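In the two complexes that follow, chain A is the common piece, with chain B as its partner first and chain C second.
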Partner chain A sequence: MKSKNKTLLTWLVILIIIILVINLLIFIPKQQDETIKIGAILALTGSIANQGEWIQNGLEFAKDEINSNNGINGKKIEIIYEDAQVDPKLAINSYNKLRNFNNVNIIITMGSGVGIALTPLVNEDKVIQIGVATASPDYSTQGDFTFRTYETADLEMKNLATIMYNDFNIRKVASLYINNDYGEGVKRVFEEEFKNLGGEIVISEAFNVGDVDFRTHINKVKASKPDALYIAPYTKEGGYLLKNSKELDLDLQIFSSQAIFGGEELFTIAGDAAEGLFIAAPEFNLDSGDENMKNFIEQYKKKYQTEPEIYAARAYDSVIVIGIAIEECGSDDKTECIKNELFKIKNHQGISGEISFDENGDVLREFELKIVKNGKIIPYKDIK
Partner chain B sequence: MSIATQLLINGLIAGSIYALVSSGFSLIYSVNKFIHFAHGATIAFSAYFLYFLFSILGFNFFVSAILAIAFGGVMGYLMNIVVYKELRKRKASSVILLIASFALLILLESVILIFFGADVKTIGYIKVAKGMEFLGAIITPLQIFIVVTSLVLLLLLFLFMKKTKIGKAMRAVADNKDVAEIVGINSKKIYNYSFIIGSAIAGIAGVLIALEQNLEPTMGTSLIIKGFTGAIIGGIGSVPGAILGAFLLGFSENFGIWYLPSGYKDAIAFILLFLFLLFRPNGILGIKRGGGKDK
Partner chain C sequence: MIEAYFIHILILIGIYIILAISLQLAIGFTGLLNLGHIAFFGIGAYTSALLTLLGWPFWIAFLLAGLIAGLFGFFLSIPTHKLKGDYLALATMGFSFVVYAVLLNWTELTRGPLGLPGIPKPSIFGFSISSNLAFLIFTIIIVIISYLVIKKITISPFGKVLESVRDDELASKTLGKNTFKVKATSLIVSAFFAGIAGSLYAHYITFIDPSSFTIMQLIPVLLIVIVGGLASLRGTVVATIVLIILPEILRFVGFPSSVVGPARQIIYALILLLILIYKPKGFDGKVQLK
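Up next, the complex of A and B:
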């Protein structure tokens, strides 16, 4: 027994030494170099991992561009990634790690639930938070240090409700939404607006993140006899929802909020059940003829062998505007100054559109209805 | 009328999937007397093995499916030999085995993540299409196949446990390991058999679930949660009970959200679990056993 304890003790000591050595190796070089650190809490796995990857591409793209042009005031940018799978609990862990271990003063986050959960922390610590995929209207008014380059759902959902009511003559809508801050937030705006216009919400049902079986949801929609179905899902859940709709022969036009759009994954799961789906989206035109845009597309394609999505463009713009603000303030730890500089940004010509932060730190964008046709998402006006 | 049949069928489909998970899980529990959460990883691995053979290497589908099922069995055997047997040698309690199985589940899911990435994979053997009408309800051929398979499996498993020598020996070990050893049953061998058979059922589950719900690295965790709930409701340690419990869970969820807001789907599952733990802790078919067994 005694010798067993001894070997255990020896192993423990060795383990502690190894951990100490690793810590030293990590810490020493970090303290020596002078970089501007940005933390990025993204969903790199889970329901919207594709969007996370686009955002990461956009951030990396902006970082490389700035660093190859001598950085900001001579300092290079470093982005530290954390995967929080759009889970607020994981996001808080990531935030604490970024704050206490990496001493980050600026974070970029993805997901409404994540953004809202981190808001009290960033306001207390005076850390700048920029939401790059944060739609919930509840994020707007939560404090001075929160910004976003993702358009608030307010505009998107009001536009969608109006188009459905006026252009499609839809009067009765069934609504299915994802049971989190995102789904709750966007469907609330949509339903209020649709009712204001004189329409009726015949049924409003939630489903959970990670659900794959929507059969009874679809049966409930069918039984409520609506004119159309409104959905506010993430990509994966949206895919299964469309798959089950087709299997159960749901013969309705389906209108979705923007987050369903997560690239190939939607089509991998839903197959041609996605055909004819309407998606509310901001205007983002790759062939607008704008010089900056052309350059961006060309370089982006060279780097990632794929066309940029608006998620990448928003992420890119976020790093660029942060860069502008830090340049003015001289250092990334003067967050009070950076915050004020960000509020001063008006009519910045970004790749994702014009960026002007309003008093809530929100941006506005033009709205466009899109449709899925032959496995591609295209503007609805092109086929009308 | 048609709504009731449709809900019944929705419940039957969900129940069959849960039953495929809970039957193997429960078989392993009944013999080994510890909760083998890594059973979820066996399902995920079999599903990804099918994907690897069929979608990447381009094997014939049926060959791939049979190999994937066999793979499940081998994987279960290896988990028992490499991890659990070693722990048992060190006189590990069932709680330690449970924690080890949890660790194994997380480790194996991460292995999938490394090799296949986080995005959803599809087998693509069956295209998404409108289902067939059946007594006023709609069901796809694959879903019928899943329901039939799980019912046939229930029957076969029942016969296996009642009629074959190995089945009888398993029941004996499940009942009382020490007495079984006295009459000459090699309990270590029986542990292996239970892992091979239980995990091969996980392989079948993996193949069918891969076709119906596609593949994700974390699929095992979400499946084992529902399978575990079904097994507890049905009476942990009783394989027919676990299957019944799984179907009851499927029906409750689907009928429940017809009357309640659908956001409560998972809540319904856990309320059911809670009620059973409170009022019938031995489950539907669980037998109250005398003391002196759980040492």
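Up next, the complex of A and C:
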């Protein structure tokens, strides 16, 4: 027993020493460099690690682009990643480490829970926080140093409710939403807005993250006899929902919130059941023909061998607007100034669409109705 | 500024110590493989958060968090008192699913998946605990009280009865012990302290949502109990410190950015495996569950 104890202890000690040595070799020399450090607290493992990876790709892409163009005021950008799996308590660990050991003045976060939990801390430390996948309305009113390049539920849904009521003459809507902070957040705004316009929500049902069978939901929708179906799913659930609704001959126009976007997955699951689906989404259009966009897609494909997701585009734009603000202020530790510069950003032509920040630090941007046609998501106005 | 980082880690260690030693009381000392422990943690967190958001004083909310969690511990003990081992584990796991589903779907009360933001920092009798250092001191006091109470229970004659129930329930029944009452008491005390830990968590992080109280969040606590060694409070405390600090050390390993998340997880899992291979009973395990 005694000797076993010793072997274990030796192992542990050796491991810790190795870790510390690696740490000294890699971590310390970097710290002496004159770089602009940005902390990124993402979900790199866990249930939405795919979104985390897209965001990471976008950040790295922006970093490389800025650094190859001689950096910001001659300083290179360095991005330090921490994995928090959208868990607020892990996010606070990550934040404290980034703040106290890496001396970052700017952080990029994903997830509403993480963003809200970090808000009091960043306001106290005067650190800029930019949420790149943060939809919750609670994030807006929280303070001054928090921004986001992800559209609020308000922005996303008010538009859709109006289009459905006015342009499509829909009066009765059935609503199916994913039971998490995203689904609950957008559905609340949508239903409120639709009722305010004079419409009626005939049925409102939640489904869980990871559900693949929606027959019960769809039969309930059928029984409630609505004019149209509103859905707020993630890609995978959305795919199965569409597939099921085709199998059950649900003959309704379906309108979805934007989180159903997620690359090819929607079409591999739903197939042609996705045809005719309406989506409210920012004007992020891979085929827009815009020069910047073309360049971005080309370079991105070269680097990651896949088409860019809008998550990557938002992350990319976030780094670019931070870069603009830092350039104005001269240094990344003048966060008070950076904050004011970010508020001044109006109609910046980003890859994910036009970017302006309102007084809450929320991104303002145009939404448009898109439709799925021949396995492609295109603006509805193009076929009207 | 570096101390802010350590203060935060110490507070987390404190909260996890309370959570782990209370689970140790149920699993290690009474032999109740309770996988519903995280639900008590959640009940405590939500009770305390909702009450203080309604304007109740912190200390009442704090105590009620423990008491209501304890009440649910009592409710859980009634239907499960005849279950043992795996069956008990399944039943209590079911309990944690139920609590999670209620937190998620009772949106009028809990705001469902949107969570509760803006939970106030505690203040006791006009003395505000808003800085992290003050919160750390408060946490340490609560940890010491919890440790002493649970220690006292385990070394008391009642503690011996708990262990006899763990080792041979039938035998202690034949000696005239009311094993239902014994097990229920253990579960209530265990739930009470989990609720207290939940309250500390809610007021420290200031934001809670149901995803913090799933079975996945129980796994680290269960690991601490097993790595620390069954029926050892000292081992549990050591294990908590090691298992919370380990991933923090790994933060300083400079992995390339493309593998940073998974690589840390792999190393963490590897070290845990090593510990369990070399010390299957944990750091200071006294018994092995059948």
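Going forward, the second predicted complex is superposed on the first by the 278 of 384 C-alpha atoms of A that agree within 3 Å, B and C clash if a C-alpha of one lies under 4 Å from a C-alpha of the other, contacts with A are read in each partner's own complex, and residues count from 1 in each chain.
In the analysis below, a residue touches a chain if its C-beta (ideal position, glycine included) is under 8 Å from a C-beta of that chain, and two chains touch if they have at least 3 such contacts.
Here the structure is a predicted model, which is why all the values come from computation and not from measurement.
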Q.
On the A-aligned overlay, A:79 touches which partner chain: chain B = first, chain C = second, or both, or neither?
A. second
Q) Regarding the shared-chain residue A:100, is it in contact with chain B (first), chain C (second), both, or neither? A) second
(Q) Just checking: does A:179 make contact with chain B only, chain C only, both, or neither of them? Give me first, second, both or neither. (A) both
Q) In the superposed arrangement, which partner chain does A:17 touch: chain B (first), chain C (second), both, or neither? A) neither
Q.
Looking at A:136 after the superposition, I want to know if it touches chain B, chain C, both of them or none. Which is it: first, second, both, neither?
A. second
Q. Of chain B and chain C, which one touches more residues of chain A?
A. C
Q.
Under the stated touch criterion, which partner chain does A:265 make contact with: chain B (first), chain C (second), both, or neither?
A. first
Q: For A:205, select first, second, both or neither according to whether it touches chain B, chain C, the two together, or no partner.
A: first
Q: Applying the touch criterion given at the start, work out whether A:88 contacts chain B, chain C, both or neither, answering first, second, both or neither.
A: second
Q: Quick one: classify A:49 as touching chain B (first), chain C (second), both or neither.
A: both
Q) Is there a shared patch on chain A that both chain B and chain C touch, and which residues make it up? A) 44-45, 49, 179, 206
Q: Quick one: which bits of chain C touch chain A in the complex? Just the residue numbers, please.
A: 1-2, 4-5, 8-9, 12, 104-105, 107, 112-115, 117, 201, 205-209, 211-212, 247-254, 257-258, 260-262, 264-265, 271, 274-275, 278-279
Q.
Which residues of chain B touch chain A once you look at their complex with the stated criterion?
A. 3, 6-7, 10, 13-14, 113, 118-122, 127-131, 138, 140, 213-214, 216-217, 222, 253-254, 257-258, 261-263, 265-266
Q. Taking the complex as given, what residues does chain A use to touch chain C?
A. 4-5, 7-8, 11-12, 15-16, 19-20, 22-23, 25-27, 30, 42, 44-45, 49, 52, 56, 60, 79, 81-83, 86-89, 92-94, 96-97, 99-101, 112-113, 116-117, 120, 136, 138, 142, 179-181, 183-185, 206
(Q) Quick check: in the complex, which residue numbers of chain A touch chain B? (A) 44-46, 49-50, 176, 179, 205-208, 210-213, 215-217, 219-220, 223, 236, 239-240, 243, 246-249, 265, 268-273
